[in-house]
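For reference, the structures are reproduced in the following blocks.
What follows is chain A paired twice: with chain B in the first complex and chain C in the second.
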Partner chain A sequence: MISIKNLTFYYSGGDKPSLRDINLEIGDGEFVLLTGPSGGGKSSLCRCLNGLIPHFYGGKITGKVEVNGLDVTKHSTRELATMVGMVFQDPENQLVATDVDSELAFGLENLAFAKEVIARRIEEALDTVGIVNLRHRATSELSGGEKQRVAIASVLALYPDILVLDEPTSELDPKGAEDVLNVVERLNDELGITVILVEHRLDRVVAHSDRVIVLENGMITADGGPRSILSDGRVSQSGVGIPPIIKLAQAVKSRGMSLRVKRSNFIDDTPLTVKEGRIALAKTLRHSKP
Partner chain B sequence: MVSYKYSDKGTVIHRLNPWCKLAWIAAVFVLALLFDSPVYLLLLSLSTLPVILAAKIWKEWLSVMRFAFFLCLLIIVINALVSNQGSHVLYQFPVAIPIVGAPRITLEGILWGIGNSLRLLAIISAFTVLMFAIHPDDLMLAMVKAKLPYKSVMVTSLSTKFVPALIDDAQCIADARKSRGLELDRGGRIQRVKSYASIAIPLLSNSLDRAVQVAEAMEARAFGSGEKRTFYKELKLDKVDITILSFVFFSVAFGIFSCCSGQGGYQYYPVVEAVSLTASEWAMLFVLLLLVNAMPILALLKRKVSLD
Partner chain C sequence: MKNLWHGYPDGFVAVKGINLKVCPGEFVAIMGRNASGKTTLVKHFNGLLKPTKGDVILDDINTKEATVAELSRKVGYVFQNPNDHLFCDTVEEELTFTLNNLEVKGEEAESLINQTLERFGLMQYRYQYPRFLSGGEKQRVALASILVAQPQVIILDEPTRGMEYRLKAELMRFLDEYRIDGRAVILVTQDVEMVAEFSDRVVLLSEGKIVVDGPKREVLSRALLFSPQINRLAQALKSYGVPDNILTADEMIEALA
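Then we have the complex of A and B:
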């Protein structure tokens, strides 16, 4: 459970706030997609969630950020590390050990867990992420996608309730990105871990997300379900990469045809997956035949 | 192309407790400094070879040795030019060189250079084991157990880890610059320095960026936050390890003993000595070299016993 009230943040030496008056609540088990133009404050918001802001970065922070009821300004990154796991953009610069099992042990060692506990948790984390085969490999020999999955496993070993991923796939090839996103989706589905994902490949993850938040100039400019946010004209103008299937749906609608995506309990007009789009379009075209 | 990175070859030497290897390296180092006789130093250098062979790091060893030979050549040449205490003059320079004066090349000067090169080769050869046959994490753990501050050890280990990344980065920037028309090896000296600076500056800024990112990732996993820290891996010494350690200590003690009883000494100046060893000296030298090689022998036996 994350609760942010009136959060404004300036990096030290910055005269423009990187985050302005953010108000946000994120419930347990939600899959939140954080998007928006670069420099919009996505990374800064992520860093507030595990206390890197203000403990690591300094700067000026006003308002309140609470994670599981703990005020991040008053609790150290050490305490927050067991609640919020953070995965960063560059796979090269977040692995510190020489091989995979030491990498997974790193956080647990820092928190002074006993050797037996560490061994068990490494086993679990490797298994959860599905990288048991990488266990004894040297981190320098892994591919980008493997490195990112090791990074995910290394924070999972701390048993966080919340996983924050700051553009985890932007440096990866499509296959590596796919592997990483599959893991993230599975963690949310099966373990109920709250996921906050900063991601540009919206077309890939949007169908899985519960909520999309758009950050621009440090402010939340849109917040809601993926269908309503992405079909919103204002959002598409702000530089957010709207998935092609939604663009197609918009183009169809702008030509005066109606598009109906049938979902379990109600009917919507924005398809999120190619399958939804295909079915809806087939129906529309059948109806529009003379 | 030999990579200067540790890679786990899985040999008996790689599997051995790092304390044994560190003690062995220290022992070779001490012994190399104890003796002056070129026979002792030559045989000591050669007696590091079984470990190199058992660890299958001969390729790496060869490429380090190539560099070491160059260093030795430098020592021999400089010493021959500078030292003029010897009495067998081979060549007298007719003209004076500033600072050095008119060099007088003597047989003793050259032999001194060769003798001390052997000392250097023994030490460098032993240190290749440190570089290529001790897992960096094991080394780090050994340092921590030796009561060095954990944070400093971690920083050292990280900096070695990021050297390859730095080299890649430099290559990448150089390629990017070249593809936009920068000619690194053209122009005068000043022009070339300028060209290289254009790589150094982005490289430096990238490295600083990288440092902040790594620090951030470590902070996010609670690095350095508590007074206490546990270690997942341990360096447990088993009976064989302790036996090896005792042999290594014994080899140093034996070396000191034979040195004190007047063996292994040698005089280059003013007149080079004849190299001659008595039968008992040969015997003691042989025992010493056997002790130095107790490590690979016992390590091999350990593997064999554990397989049985």
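Then we have the complex of A and C:
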């Protein structure tokens, strides 16, 4: 459980706050999508969750950030690392070892786990992320996408109950991105790991999420379920990329054609997946046939 | 590029027999799975990599006989990681550095810098330390530092990381305008939706070879992995008479009207 109250943060030497009066609560097991314009504070907010802010970045922080009851300003990143696993925007900033196996072992070794436990966890993490074949590769020779998956695996090995991923699929091809998102979704679904995912390219992830939060200029400007947030005109005005299928649905509706997306007991008009789009549009097309 | 092969010292052959021609005014997207050879391929355009076998000819110059410095006058290359570009104390200096190297100074330089900063929404960061900026902002600074020199050919390797849709669209529109006047734009990207909306030609690589090279509509329709969301929807609605080569929401709306 993450509890943030009145969080305001300035980087050292910054004259404008990067985060302004943020109030936010994220419950266990939620899948939260964090989006918004470049420079809006998304990465900064993530850094507050595992203590990098303030312990590594310094700066001026006011308000309260508590992760599982622990105040991040009063607990070390070491303590927080086993609760919050963070995968950075740039895997280069995260990979420290010369080969993949050592990379995955690194965090575990630092936390003094037993050798057998380390070996088992490395095996699991590699398997979960689908990179067993990369085990003995040199990290410097991996492609951008491979590096990103190694970073994810190295974090998973620590069994965090909160996973924070900052644009984890930005360097991945569509298949790689899908694989990673499937893993993250499964971890959330089956293990109840809380997921906070920062993304710009929403079309693939939005269906998996419970909640979408938009951060602009350091403030939360929208927070709610994916369907309502992404069909809100103000959100697209902030520059956030509305998935093509939702843009289509809105255009269809504005032309007076009705669109009904059937979702368990709800009738709704915002499709989140190709399948929902197909079902909704098929109905519309059938009804409009002479 | 004629029969281009490239093998790395550790034995890995990244590019196998590629034949590719890029003409002035083209906007080419190079796509493919991770480690399919995209970055290796494009690094040959400005001589950062020389062919193990085969030739790369830029206008009339064979890259094997030219230095990277010489080739950089014509070819701008924006790296995948913006941090690889940033080493000055201010954003403005990053741009000045490029222009100094090309012996562009004084008023001309000032004007180009102003224009470029404006274009990329970086005026407010002009005197800031680049490495303190956000991921997306750094991406823009890296782009600006190369584009300020207005190279004949611009190669961008995953330039839209960290950018929200609005900025990406602005960049794409900028590149679209840029290639007029005989310049060429080569974009290495995984962003299928952006390519569907903005490019002309798509070259798809797999394991070091070109799998398909053609107009975007041809390459992206019916593609299994590299298909835009709307195209997948179009495939599913074929039986209702929806054309199966639609790529974007706007095209679909027109088709449904």
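In the analysis below, the second predicted complex is superposed on the first by the 281 of 290 C-alpha atoms of A that agree within 3 Å, B and C clash if a C-alpha of one lies under 4 Å from a C-alpha of the other, contacts with A are read in each partner's own complex, and residues count from 1 in each chain.
Definition applied: contacts are C-beta pairs under 8 Å (C-beta built on N, C-alpha and C of every residue); 3 or more make two chains touch, one makes a residue touch a chain.
Since the model is a prediction, treat every value here as computed from it, not as a measurement.
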Chain C versus chain B on the shared chain A, clash or fit after superposition: clash
First (chain B), second (chain C), both or neither touched by A:Leu281: second
First (chain B), second (chain C), both or neither touched by A:Ala177: second
Which of chain B and chain C A:Val132 touches, first, second, both or neither: neither
Partner chain in contact with A:Lys247 - chain B first, chain C second, else both or neither: second
Partner chain(s) touched by A:Leu191 [first = chain B, second = chain C, both, neither]: neither
Touching partner for A:Thr77 - first (chain B), second (chain C), both, neither: first
Which of chain B and chain C A:Glu92 touches, first, second, both or neither: both
Identified clashing stretch of chain C versus chain B [19-27, 37-45, 73-81 or 199-207]: 73-81
Residues of chain A that lie at the interface with chain B and also at the interface with chain C: 90, 92
Contacting residues of chain C [partner chain A, same complex]: 10, 12, 32-36, 39, 80-81, 83, 132-137, 139-140, 158, 161-168, 190-193, 225-226, 228-230, 232-233, 236-237, 240, 242, 248-249, 252-253, 256-257
Interfacial residue positions of chain A with respect to chain C in the complex: 11, 35-40, 43, 89-90, 92, 141, 143-146, 167, 170-177, 200-201, 203, 238-245, 247-248, 251-252, 255, 257, 274-275, 277-278, 281-282, 285-286, 289
Chain B to chain A touching residues, read off their complex: 5-8, 135-137, 154, 158, 161, 164-165, 210, 213-226, 228-234
Residues of chain A defined as touching chain B within the complex: 50, 52, 55-56, 76-78, 81, 85-86, 88, 90, 92-99, 101-102, 105-115, 118-119, 122, 138, 140, 151, 154-155, 158
